[in-house]
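Okay, so chain A shows up in both of these, paired with chain B first and chain C after.
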Partner chain A sequence: MDRKKSNRIALTLIQSLSVLTILILALMLSYLIYRGLYSNKLIEREVSDYVNYDLPFEVYSSKNSNVDELDYFTLRKIVQGKIYSLRKVSNVNRDIKLYIDPSLIKFLSSYLNLEISEFEDDNVNILTANNLINDKSLLKELKRYEASIIISEKNSNIKGFNSVEISDMVISVNKDVKALYDNKRIGNLKNEEVESLINDSIKNWSELNGPNLDVKKVDSLDEVAKISGAFMPIQASLYQKAINAQKQIQSLQVFHEVSTQNLKLNYLLSESEDEGKYGGILSIIFNTLVMVFLTIIIATPISVAGAIYLVQYAKKGKLTSLIKTGIDLLAAVPSIIFGLFGLLIFVQLMGLGFSLISGVLTVSIMILPTILRTSEEAIRSVSPSLIEASRGLGATKIETIFKVVLPSASRGITTGIILAIGRALGETAALIFTIGSSTSFVSGLKSSSRVLAQHIYLIIIEGGSIDDAFASALVLIILVLLVNSITKIIMKKEIK
Partner chain B sequence: MKKNTNNKRRRVIEQGSKVVLLLCALVSITAVIAITLYIVNQGVPFFSEVSFTEFMFSLDWSPSADIPKYGIASFILASFEVVLIAIILAIPVGLSTAIFLSEFAKGKLSKIVRNTIELLAGIPSIIYGLFGIAIVVPAVRNTFGGNGYSLLSASIILAIMILPTIINISEVSIRTVPDALRHASIAMGATKWQTIYKVVVPAAVKGIVTSIILALGRAIGETTAVLLVGGNAAVFAKYPTDMGRTLTMNIITDMSYAEGTHLSALFATAMLLFIFILLLNFIVVYISNKSKVGAGE
Partner chain C sequence: MNESLFKVNDLDLWYGDHQALNKINMEIEKNSITAFIGPSGCGKSTFLRVLDRMNDLIDSVTIKGNVFFEGKNIYNDMDILELRRRVGMVFQKPNPFPMTIFDNISYGPKLYKKYKKSELYDVVEKSLKQAALWEEVKDRLHTSALGLSGGQQQRLCLARTLAVNPDVILMDEPTSALDPISTTKIEELMIELKKEYTIIIVTHNMQQASRVSEATSFFLIDDNRRGYLVESGETSEIFLNPKDKRTEDYISGKFG
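And then the complex of A and B:
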């Protein structure tokens, strides 16, 4: 009985540990796909989007601007010209083209607390919404441009643009709420905390890590300034007017959760900018494919020829075992060593510099064993009777190889090539010191370039946007999975 | 007469192509020799400036200091530590999966497991690194404190990366254990688990050890994935949860700006790494030769 029990326990353990590998992979893939498709960021702001006040204007942005929400203070800075590029707003490296309906100038100058003269700045293009709708060519241009922002009258119905939500609720508090107490200070509020504050379910500021003061909701800014512990949700515009005169009022910072689509078609289809910090990855995908293609072109003939030699010509002896040891060792060399070798031989000694060809040659050597081993197996499994028949008909050995052996081993060889493609696609360490890092399209064998895996590495090392890293990683994973499933299809056919 | 020249031509082609094929077959071994020679050529001059003992046993790596120090002991230790923990984490899961696939390989589950392993083997190391940053590092931070970028995080990522190596090679060797052994064991009244534990695994132990050594080789040479999660601090890591730097991390980090003695120190580091890998491979060759002799007897 005991034996049976321990048997069952052991077998269950084995089974569950093997299921663990599935779980690990599932976790990895699903997380990477999720992060590739969506980005969730917490941004610290002065306004909350808990309540949005009704405004007599509407804001639109171009589809590729990644802007579908702006806070009052950012909008103000954009109109002022203090923010002139979307770089910091939505990671789009384009100067903003701002269009404002002239009928809104008066309202906007009071709403944003700006002098009317500030609207006459160069960066603001003032145009009526009506004109904009009629001016088809301008509208087209704005639609195509990645950083256009249009402020137009309500219900102006501009099509083909993002509608931008403006959040402008500030939680104004008496100065003592934000003061330092016992080494503690009120932190940034989360959305739920804003909600419970406004719904009166928070009684004391200490519940929000603040001072030991009672929470008092009041109805005017004067009261906020006078009463200790007082707060009031207020439109940012009014708050902006008041703080210039009232030093007793401050605002609470709020965490704003931005969840946006991460990997967009636009990211795939536009060229990289500013050393890969902004823009898309079209050029990098292109370079990756070129690199892999050239690598395969170079490595395949050599490894297939090597495999033919090993199967058809090699006799047992020192030379053959030397060749086999060479292949085993080459397969075991870590990619960083290949990188160093490439740096010494191709980049420096042969004077090829940090270039596509240096990278290609390095990776070609690296993937030799992969193709060679699979091809060797495939060639070995060609039935001897086929070969004998060909020889019997008077064909020479080499004719037999080209006309009989290779065609019947072609599926196995293809599998080897595809496995090698997978390996070349994901290679990083061997390329960092050989291929260069330029993000533009490769123009020749000697031009420096950057491939996907290396791009992900460089983004992280150089402290770039982690969202971009995940988006690029998703593209890389898709390519790898594609290669993987092609291999499987071929292998399945081979079995049949 | 015409036939004769034709035959001659064919023989020349035959001989010529044989030579070409041989040359192609020799590319791999030539590359290995060239890699060895160049790395040694760049690394050896280093020891005329810094003593071998200082290089191997000093914990002080400060190549940019006024009096530069080139001790890589802490990196050697970190490499071993990372690889050892990775292996310890990977063996139970890897071996169980291998046993599962070879002994119970029926039904949908084993098919899914097999596909999973194929996928895991195909995922590029940079992606493992990215996954490490996003999931493993925060998990280690929350569990053990510190900032999460640590040798332990690197070990966890490596453990996942070497799973396919362990599973594939162990599975093959478990599968080649003759069924007669299993039947005999079961017939003697042993349970399935007793058969696996006392008969099948001992019979396949050489293949299992080979798989572990090959996995060690892969782990010790891994660069990008460990670099992203290991913290890369050029100091001795007292605990696995401290930030640390392995041999490969040292090479890749300093390579971009190193000059003179510093550069040759990096090649010396690469030389050492290469020696470790060669050693591991010779052990594998030794084991497989021995098992062939055993089978022949």
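And then the complex of A and C:
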């Protein structure tokens, strides 16, 4: 009875552990895939997206601009020329091409509280909407360009562009509301909080972590300035006007949730810009594949030859076991040490510089033991009777090795190569010191380069976008899967 | 009496320090079947492997004495690869290469000569027919040899040996891993092949030795665990009228 019980306990334990493993794997993988594909960000802004006022104009942006929503203040700065590139707006590193319908100039001037002379001259190309729609080649150029913004009349129906929503409601408050109180200050509001505020469900500012003041909804900005604890939702245009008129009012910052598609085809298919801060990763994917390919080309023959020697030729003895211990040691050495070695030997001593070839040689040495050990096992497990059969037919040792031993061991050797590819693809530390960091396509063995795993590292280190890091990570995972399955398919064909 | 093909004089063999064969003298006739019998570990397989120098694959083996094949000393006067082509071997366990049936058979011939595809096909067909396997596999020459049954695999190994056109076929307990029906097939084949080839077979199966062989050699192991030849002669003589008491005891099942 006791044995049965302990069996059952052991089984339950094993089952729950395996389920746990699968759960952890699935969780991590699905999070990586989710973060790679989608990005959810909270941005603090002066406007809330709770209410949008009706505007007599419409804003369009080109499909690749990533802009489908703008707030009043950003739009104002764009028209003013204070924001001249989309990099701060949507992480697209392109100067904005802005087109404004001339019939809207007057309205925009009062809406944005800007003198017409303040409209930035260099960027603002003022065309009539009619012209723009009829000028097919110009429209086409704008459509292709990553940072076009068109402000035209309502319902002008320009096809092939994003329609951009403008958020322009500000929660204006009396300055007391934002004062430091009991070492606390009112924080950024969430959209639900804005909603409750406007619907009068919040009675006291302390509910929003603010001072102990009653919430008072008022109807004019003058009251907001005068009455302690007063607030008023107001169109940004009017708020801006009041600020310009030196009214003593302030606004509450509101969290804006941006959820966009992260990994886009465009990101995959365009070259990196500005040292990887912007643009895509096509060049980096290419460099990664080149690096891995060269590494395998160099490391495989050396390590398979080594494995053949160890199994078929080396006499059992101290030297052989020393070599084997050395190989095992090499397999366990952290990759940063290989990087250091590569830096001293290939980069400096041999004068190869921070280049593709330095990186490739370093990683080759690093993956040698992986391929060698698995190949050795595979070659050792080839049945001696096959070798006898071949030798019995009069084949020489070398003929037997090439015609019988290696083909029979090919599955094991391929496994070693797959493991090595996985290691090379994910290698970062050994490459930081050796391969350089250029984001452009490699032009030769001596050109500096950057691979995906290292790119992820550099993005984070250089304070780049986390979203880009996750997108690159997803690409890397897919690449590993792809390489593995391709190798498996090739292997299966060989065996048939 | 046929001419003798192998002539072995005072052969000693060591595995490292251990002597495994002691003073073997033997003659083997052409176009006959010779059976080696004896209890396990008596060195008959080792001796068989001397005849095509397969023991050379093991580093620790040393040999003293002479083995003549057609009058030439195989350790001095003959190219080892030529010897192995002319003296083929079929092993205890079927050991087809993990390749297609066609590639298995053509493996040997391709080592010696560049063949055109049609010539190679002829060689494969001829060998498979000799091994009585052709009818069973002709439709699947390009599938893996590992898909065949054990008996078929052993005949494939025989065909593979025949494909390099040897003079002698050494068989190291070729039917010990096979069922009775497959065994019968192999035995029939041996009798058929005797016309063109000299066959030497190691077997634990007394009936097999008496069924197929003309000559039989009986091996035993002495107190120093050295294998030696007790007697050899015509199979009928050995089985019905052994000269040595030990042979009689072994054959009648008193020990072994």
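Here are some notes:
One rule holds for everything that comes next: the second predicted complex is superposed on the first by the 460 of 496 C-alpha atoms of A that agree within 3 Å, B and C clash if a C-alpha of one lies under 4 Å from a C-alpha of the other, contacts with A are read in each partner's own complex, and residues count from 1 in each chain.
The rule is short, and it goes like this: contacts are C-beta pairs under 8 Å (C-beta built on N, C-alpha and C of every residue); 3 or more make two chains touch, one makes a residue touch a chain.
The structure presented is a predicted model; accordingly, all values stated were derived computationally and were not measured.
Within the superposed three-chain model, A:Phe470 lies in touch with chain B and out of touch with chain C [touch as defined at top]. When the two complexes are overlaid on their common chain A, residue A:Leu25 makes contact with chain B while staying clear of chain C. In the superposition on chain A, A:Ile297 contacts neither chain B nor chain C. In the superposed model, A:Thr396 lies in contact with both chain B and chain C.
Once the two complexes are laid over each other on the shared chain, residue contacts for A:Tyr309 go to chain B alone; chain C is not touched.
A simple residue count on chain A separates chain B from chain C, and the partner touching more is B.
In the superposition on chain A, A:Ile323 makes contact with chain B only, not with chain C. Legend: residue contacts after superposition of the two complexes on their common chain; A:Val404 is shown touching chain C, with no touch to chain B. Once the two complexes are overlaid on chain A, the chain A residues touched by chain B in the first and by chain C in the second are 396. Residues of chain A that touch chain B in their complex: 3-4, 6-7, 10-11, 13-15, 17-22, 24-25, 27-29, 31-32, 35, 301-303, 305-310, 312-314, 322-323, 325-330, 332-341, 343-345, 365, 368-369, 372, 396-398, 422, 425-429, 432-433, 453-454, 456-457, 460, 466, 469-470, 473, 476-477, 480-481, 483-484, 488.
Against chain A, in their complex, chain B makes its touches with residues 10, 13-14, 17-18, 20-22, 24-35, 38-39, 42, 92-93, 96-97, 99-101, 104, 109, 112-113, 116-120, 122-127, 129-131, 133-135, 160, 163, 167, 191-194, 196-197, 214, 217-218, 220-224, 228, 248, 251-252, 255-256, 267, 270, 273-274, 277-278, 280-281, 285. Taken together, the chain A residues at the contact with chain C in this complex read 315, 383, 385-396, 399, 403-404, 407-408, 495-496. Within the complex, the chain C residues that touch chain A are 52, 54, 57, 59, 81-82, 84-85, 88-89, 91, 93, 95, 97-99, 107-108, 111-112, 144, 157, 160-161, 164.
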